[in-house]
Amino acid sequence: MNQNDERYRRGVEILQRLSGNGAEQVTNRVAEVAPDFARMTIEFPFGDLYARGEIDLRTREIAAIAALAALGRLPQLRVHVGAALNIGCRREEIVEVLMQTAIYAGFPPALNALAECHDLLATSADTDQVKP
Amino acid sequence: MNQNDERYRRGVEILQRLSGNGAEQVTNRVAEVAPDFARMTIEFPFGDLYARGEIDLRTREIAAIAALAALGRLPQLRVHVGAALNIGCRREEIVEVLMQTAIYAGFPPALNALAECHDLLATSADTDQVKP
Amino acid sequence: MNQNDERYRRGVEILQRLSGNGAEQVTNRVAEVAPDFARMTIEFPFGDLYARGEIDLRTREIAAIAALAALGRLPQLRVHVGAALNIGCRREEIVEVLMQTAIYAGFPPALNALAECHDLLATSADTDQVKP
Amino acid sequence: MNQNDERYRRGVEILQRLSGNGAEQVTNRVAEVAPDFARMTIEFPFGDLYARGEIDLRTREIAAIAALAALGRLPQLRVHVGAALNIGCRREEIVEVLMQTAIYAGFPPALNALAECHDLLATSADTDQVKP
Amino acid sequence: MNQNDERYRRGVEILQRLSGNGAEQVTNRVAEVAPDFARMTIEFPFGDLYARGEIDLRTREIAAIAALAALGRLPQLRVHVGAALNIGCRREEIVEVLMQTAIYAGFPPALNALAECHDLLATSADTDQVKP
Amino acid sequence: MNQNDERYRRGVEILQRLSGNGAEQVTNRVAEVAPDFARMTIEFPFGDLYARGEIDLRTREIAAIAALAALGRLPQLRVHVGAALNIGCRREEIVEVLMQTAIYAGFPPALNALAECHDLLATSADTDQVKP
């Protein structure tokens, strides 16, 4: 197995821990027009960067959500909010990170991010609302 | 009544002058996942900033439309174009501010802004076209 | 014929070489609310800039696609990918320029660009996949 | 005199009302590498758009300042803050528009804009501080 | 003490835990032209948002650094990298978050962020290099 | 030699064709705080993407310059304008691509790009000006 196969295998393994199928759906569609790029999207971000041990996956997902919300990249934000929930982040934590977007990028991207991920984050908010 | 309630009350009062229900619809949906943030979205932008006397609401809406069009924040742009019309800005003025976006942010955000607000701005444009 | 009519005429001529009707559809809708701006959108970008002889239309479209993908301006990107194909760019070249977006603006805009133009670029990708 | 000369002449006339020499300094430097673009920078933004009668120069400068601050285009923001002061905008109004940037684009661009234009806006702020 | 004074006091307390004087220097300069905005910059981001208990300050700083690096807001990034170090983040963690910027916003903002914070992050990198 | 060494070697080879030392200077400084990232900056953009045969280096540099100017990433733009000149692009072509930035991202990034690369592009502009 050469080194690139190794990077790809590592990336797929991490992606499977992060997401059920959200990421795959995006990649599958892109793979039809740019198969090499679909492969690179797994190799570099996940096989190279996410695979490094310096910080845990939870910290990586907090950073991913903060960056994607600030930039207004909604389809990818949605995938990473799902991933964060999958690896054990609480809904309240994610909502809090999205709220903080207002400081750095303004209220519109914070509101758009919360609206985009409404269904993923809604249950916890309901419990939130009945807090005394 | 504590100071935060006062900020909220002032914000709601200004929002009611600005918009019928557009802003509320966005805020309502966000309130389901982040009720405190929905409150902050009224307190800080409207209760703190818009409530200041230094410039009038018309100037604030011109600035809001110019910034939101330049940044490509279309859902919020739509709300503020509606607000500008509600407080008496003429359609021709708003079209002109959106056209000027081309200078600072390029033709695509100017075109996208005009397309997004087509129905809000259309009537005046029709009259525009029959000008001698 | 005055100079502005000349700029407009030159712009229309270039637009016709670039695109069947994609650009017109966008411009037509905008023309209903801002007829003068629809005219300027032809005069300045196409009548003034594209009409200059220093670089050919292929180079202009490569630059347009790279800039629009990096900025995430998807409706305009789509129009210019269609234009690039019309003037003879190969699908593989365009895919390659879109992939390169990942370096300068990150993976999300590259993925969004490839997904947006999937149908315009798909055939070549299929052939790509069966390459030995 | 042909139509392009007319557009240029109109643009120069408006620029002279807006600014002493700030804009010229930028344009002069650019004119050394791209003389035609320096000319276009006067023709299209000022000769075509600013010259239209629909809104006054004060409204145009409010929109320019709001857009440039939101986008973080500091050299051009500085030129337009100077222009706004030249045509009679009060320092307090400009400060207020820059503060409002925090809503739409976040606190960093608002802070950077106020810091960039510190010397242009400082006197009024001083008087502001001694208000009872 | 009214509610706004309470928000300000809470914000100052958090800022003091986060940073020695970096933030104050920026705020002081802005306070000369927009004293009310300098106060709001403490009240809303720190007194309202950072003061909430849902996530700890370390998570807030990871999110801040990720968002500011992605947006290329270098002066504020520098302040928050300093703050993250002050509250106990390791240099290796911060470097890793900045590297991850390349995925979401491209290599240039990642490189610019690492260059901007070179002196704050250098010591650990040196030790990094002598790792076996 | 493993596959990653091969990617790195390919990347260095391409970088040497593109640039004398501009890119190295940036990378060297970053290498002091994030040595692995400096390596990745050569492996992925140059070793993986630029090394692909589908389009030539000239087309890649046109796309790089268009994207970097539109995004306002000035340090990297400068490096790539130097690279484009090294591999035989004419100054007039590069100026033209930078001018076109005004269409897609507005006049400020076009002006800032031309000002940033003034010394690299100046000679040709001078000859330009004396054209009959």
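Labels for the chains are A, B, C, D, E and F, by order of writing; each one numbers its residues from 1.
The rule is short, and it goes like this: contacts are C-beta pairs under 8 Å (C-beta built on N, C-alpha and C of every residue); 3 or more make two chains touch, one makes a residue touch a chain.
Quantities reported herein were computed from a predicted structural model and do not represent experimental measurements.
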Least step count from chain A to chain E, where 1 means the two chains touch: 1
Partner chains that chain A and chain B have in common: C, D, E, F
Chain whose Cα centroid lies at the greatest distance from that of chain E: C
Label of the chain whose CA centroid is most distant from the centroid of chain B: F
Repeat of the A-E interface, chosen from A-B, B-D or B-C (over half of contact pairs identical by residue number): B-D
Geometric centre distance via CA averages, chain C-chain A, whole Å: 30
Intercentroid distance (Cα basis), chain D paired with chain A, Å: 39
For chain A, residues contacting two or more additional chains: 36, 40, 44-45, 49, 52, 68, 71-73, 76, 95, 99, 102-108
Chain-level touch network, classified as line, ring, star, complete or other: complete
Residue ranges of chain B touching chain C (in the complex, touch as defined): 72, 95, 98-99, 102, 106-112, 114-115, 117-118, 121-122, 124-126, 128-129
Touch list for chain E against partner chain C, complex: 102-108
Chain B-facing residues of chain C, complex: 26-27, 29-30, 32-37, 40-41, 45, 68, 71-73, 75-76
Of all residues in chain A, those that touch chain F in their complex: 2-4, 6-7, 36, 40, 44, 48-49, 52
Contacting residues of chain C [partner chain F, same complex]: 44-45, 49, 52, 54-55, 59-60, 62-71, 73, 76, 92-93, 95-97, 99-105
